[in-house]
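The data blocks that follow each hold one structure.
One chain, chain A, links the two complexes that follow: it is found with chain B in the first and with chain C in the second.
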Partner chain A sequence: MSPPVLEARAENAAFRKTILAAFRFMLLARLLDDKFAALYRAGKIHGGVFLGRGQEALSVSIGISLKKNDIFAPLIRDAAGRLAFGETVLDAVRTHMGSALGPMRGRDGNVHRGKPLEGSLPMISHLGAMISVVNGMLFARRLQNRHGTVGAASIGDGATSTGAFHEALNQAAVEKLPLVLVVADNQYAYSTPTSKQFACESLADRAIGYGVEVQNVDGTDLFACLKTLGEAVLRARHGGGPQMVVARLLRLCGHGEHDTADYVDPKLKNSPLGRDCLKAAEETLLRREWLDASTLASMRREVVREIDETVAQVQREPAPDPFAENWTAISCGHLAEGDEGNQGDNMPARKS
Partner chain B sequence: MTITYLEAIREAQARVLRDDPRVFIYGQDVGRFGGAFKATKTLALEFPGRVLDAPISEDAIVGLAVGAAIEGMRPIIEMQFADFSTVAFNQIVNQAATLFWRTNVPCPITVRLPFGATSGSGPFHSQCPEAVYAHFPGLIVLTPATVEDAYSMLIEAVALDDPVIFCEHKLLYYHLKAEKLPREAIPIGKARIAREGRDLTVVTYGVMVHEALEAASELSDEGWETEIVDLRSVKPLDTDTVIASVARTGKLLCLGEAWPWGGVTAEIIARVAAEGLDLLDVPPQRLNARDTPVPYHPNLWAAHRPTARSVAAAARNLLRH
Partner chain C sequence: MPLIPIIMPQLGESIAEANIVSYLVQPGQEVAADQNLIEVETNKATMTVTSPCTGRLMDLTGRLQQSYPVGAVLGHIEASLQEAARLGLDVAPVAKSGDAEHPATPAGNGGSHARVQPTVRGLPVPANARGASYLSPRLKARMTELGLHAADLSGVAGSGAAGRVTVEDFEKFIALLEKQKISDASSMRVSVADAMRRSWTRPIAHVGMPVCLDPLFAYRKVSRPKPGPALCALRALAVALAENSAPAGRLVGSKIVHPSAIDIGFAVEAEDGVLVPVIRQADKKSLNDLVAPYNELVALARERKLPVNATGGSIATVTNFGTFGLEWATPIPLPEQTLVLGMGAARHEPHWDSVKAQFVPIMEANLTLSFDHRVLDGGAAGRLLQRIGELMREPEKL
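Coming up: the complex of A and B.
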């Protein structure tokens, strides 16, 4: 047995490695989000753009606490968590830019992306709806005698008011599933403040009502988020049943890039909730000398280069072709209705 | 030995549970209790751990099924009544129905809906939501009208790689009987000629097949021969069989227990009008339930839904045109 001092040191080294990896994912997510915002303003993106600015510490802590065979159902503010769980910048960019080569093939866009067979679920827009799908995957694995994996789902304060959220949380509790439900209480649901969203003291009360273990965490503190999420995932993995984590923070952007968010109370922006988690993490890492200014600068350069090169590549990729598209919604092609009952076709004129 | 429509559904589930380890059943009271209608009677005992009670959470029940399907399972969901599937509507039409199209990952779930009216059931235990589900791309919607179809179509539904809305009619559960379970079956997607006739085509499905058959024998006494097309599956809809029948008779009556607005009967008339207007001797007609919620009292209920009597009357109008 190694002496306790050495053990502590080794643990510290491992933790340091995790923190630095998490920080890099946060930086990548932030700069990728910034890129999407710029492309949106330049009119290069079809549809909306939704950012996770201010929520990277929480999000990355989910992704990094999960293992390869786990499950993750991210939502709109989870760029960091997705990357940490294994998503490539290429898949994110392809989906935002509608590339035919992306995982959604131009059929769905922006944050609605994922690879179900790799454990990353592509959110549908309807809030609350993904949690029970994660439950189902965990339930199936139990039926198949595959144990030891965990499923995490993200949710906002607003979406905790949906029936789907309550049904799914209760279902996970009844079935004692290894679900980790992460609530980002970012003070607003679109423009609606939390005072019009719930009347209980804390969203943590929601978990207590269902017999689910819950922890509160400061969502602006990377160190705290990593610790809390890491422990929650571990408890779920080792038979502790469903876990909920409630993080308080502030959305540091509009609901989407179309939204100026002038409704956000300036007092909140200047409160501890309004602290930028990325800046805070950077300051702590520099102060502790786990990161120095030149390493940070080169990390930033690397990240920017990866993003720019990926965007340039995707801009050269083919858009989906309506003539090559398989216009059937079901997998049993022989049962497809096709254009039955639809006269004519809606195809655009072919370019010659 | 005879077997009822309900027993056929139970037997079909027993068979798929036996033959396919990926199958499990999840729904309210389906476990030891055997389901509100006993469609899963003793299955929990025979297949331990695979017939599971769910909380009253239709949304989460179907969401769970979709997740399980992603992991390679083939869940059968029992809705206690079709009416309550509205609570699961989002998971059915937005989650299950879009999964394959969005991700290329199939979603083989079967959602059993005990549907249709029975006397005294009232507004919330009687509905026929088949057209609502058929409206959404990505779903297959089945409406078996016979014991044989209830059995074979349920087995085929579970084998299909797509989400299936399986509408089983409650009025047929106990009184519809067959001598034995079928060995062969018409595949899903093909309609069946339930009765041949030269004078008029009645296109229908579900319990209305039986009202139409009764009306047809009444009409036969009057010298009219009615051809009855049992759609079996409302999505996909076997337009070819319908058009072929209309080509033989020149007259079309579409019959459904559901409400008329934008429903299956409207869809059939639209297709026949577009593809075979010249086959029709007289304007096509349809007969549906009235456009109110389903009433509770038998007197009102009997006047709300089509019956053999109102089918025969509508048919006579067409025949005498």
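Coming up: the complex of A and C.
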């Protein structure tokens, strides 16, 4: 399954450590997603719940390949990548359950969360649009003489059909920005199959058209994803210009938890694309004896307890209070200070 | 031990309700948190409702194959005190009901902080759907908190940009209200208010004329059973609409939608509101044959025991405001109807008899017809009312 080069590197203890860390993030993301799905169906979460089931291997590989001070613009299925990039379970749960103590203070829900000042961007739903946001941040850093950081944008096959994708990819290529664009080609843009989206053989062709270096990877293979993403991030960091990675896989859930995904072709589910990356990684780790059954069981127990306790804690937390809230933008509220001419809804917080 | 409510989740952005398909557990059984309890079906998909905590299933209050709105309580789980406290779950009966008794108590001012709770109790209703202009998200949130609608703001003069009601205007208004006695409106009152609000979005006009009731009273002396004036008017309306149903049509966009059956409702006063039972195909039965079903529906309505199929779907309504001693009124049609026929109190009136060349006393009552002026003009409404009066003068033929 894995190329010989990787087999050699696998002897490397550090790589082994990375793989095990990545696997734990995948497991945590999967079980956290399952918890969100259950809370949603108990009426405890308002708004949509979107799962990353089947995309954890690719997602975690992005998060784990990035460093502190890098930029990450995740998509709705990137629970694993967010966790690996440093998001806490607490922040994820607080945002989904509308706690006032969460990073969005209960003002914005679920997938629209992030800490821009720390490089993790809250997403714009129309994902093609996030690429130019990352471009902009990378360009600003260049102007500020800050070098050596990378920006990763995570999109799906559907985003490559938008104009914003093409403009931004071209811009990144022309400016040689350290952008890593990860395309999760999960076969459906909501319910639209790829056959109704593009006529080129591979989405990788689109990168070639703009002069961007591109790799294809099996998105269900954690080892392959880690290697490909790790190398792409490294090339971008060292002046190699924008990199694109196209991972083929299958979304193993609905678009959101309100979607039963009856439209997914059963043939796809039974094909190699439909392989569950978490199960595949688990089998490989057990077979190679990098992980044993009892360690796995205790890892699982630990993860379940962490999620359970976090959910219980957040349910006891205060809900947002619109009267005490300062309604300026969360990450750039300082720009609004002293703005005396500001009228209407942007009134300062009421003292309670 | 605390009872934790199981609530209907919002299973999709546009989903307002879901139908209960089956129960996956039975009352008395132990359940785990996140366990699937109830299978429900929205208009898009079949999904499951999960348990909010670990405990024992106490009851399932929803009926199978019945639809329930988002936020409805579908049953309860008895959880241990520790479990409820650990999860910070609100206990049934939900403490929130206290808010309704004091709608003007601002929760944000030094009151106890609300916990993170299910946010899907009842759907947010867009303010502009009820006829208001722009409301800021903050004001909307505040109004939702107090259970108010945009129409409740009609008495507030806005001081914001373009006359917008600001949250300060609103708070002043609430503070003023707090000085007065406040009591809860019944759900019946709230639903009448909502229907009238929706109906009032149309230009409603009225016509009226007296009708002589002597032939009816004469007929009642010989007839078994004895139909009353309101039923007589209802039957006459049905016959007139059977001859020409266009006046009962509804204007939808640029089309007139004609009625498919002459189902006529009639207003019955019930405690703190009005119910409108319906006589189906009132044009197909004689006046005498309508007496028994009419009386039965009146009795059921007064006891508020009307079966579901006995209301709704009517094309026009008859209201007998004469029972309150009134001679004139200007009723408002139901929002989904174009017509409401009103009947005033009967009284003796002098009538010029041209044969005897003198005034003679007759029994007379006023008939009124309120109508959506977009659909009908005064002429068409007048002709319909004349035809009803004509029919009522020959009750034996009705």
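Note that the second predicted complex is superposed on the first by the 314 of 352 C-alpha atoms of A that agree within 3 Å, B and C clash if a C-alpha of one lies under 4 Å from a C-alpha of the other, contacts with A are read in each partner's own complex, and residues count from 1 in each chain.
Throughout what follows, a residue touches a chain if its C-beta (ideal position, glycine included) is under 8 Å from a C-beta of that chain, and two chains touch if they have at least 3 such contacts.
Small disclaimer: the values here were computed from a predicted structure and weren't measured.
Looking at the shared chain after the overlay, A:131 reaches chain B, while chain C stays out of its contact range.
Contacts of A:294 after superposition: neither chain B nor chain C is touched. Look at A:195: by the touch rule set out above, it reaches neither chain B nor chain C. In the overlay built on the shared chain, the residue A:145 is in contact with neither chain B nor chain C. Of the two partner chains, chain B is the only one that A:334 touches; chain C does not reach it.
In the superposed model, A:48 lies in contact with chain C only, and not with chain B. Applying the stated contact rule after C-alpha superposition, one finds that A:168 touches chain B and leaves chain C untouched. In the three-chain superposition model, chain A touches both chain B and chain C at residues 343.
Residues 103-104, 107-108, 112, 114-117, 121-122, 124-126, 129-141, 143-144, 163-164, 167-168, 170-171, 174, 329-332, 334-337, 340-341, 343 of chain A are the ones touching chain B in the complex. Taken together, the chain B residues at the contact with chain A in this complex read 24, 49-50, 54-55, 57-73, 75, 87, 90-91, 94-95, 97-103, 105-106, 137-140, 160-162, 188-189, 235-237, 239, 267, 270-271, 274.
Remark: chain C residues 6-13, 15, 33-34, 36, 44-52, 70-71, 86-89, 106, 108-110, 113-120, 136-138, 141-142, 160-161 touch chain A in the complex. Residue ranges on chain A touching chain C, taken from their complex, read 35, 38-48, 97-100, 106, 257-260, 262, 311-312, 314-319, 321-324, 327, 343-345, 350, 352.
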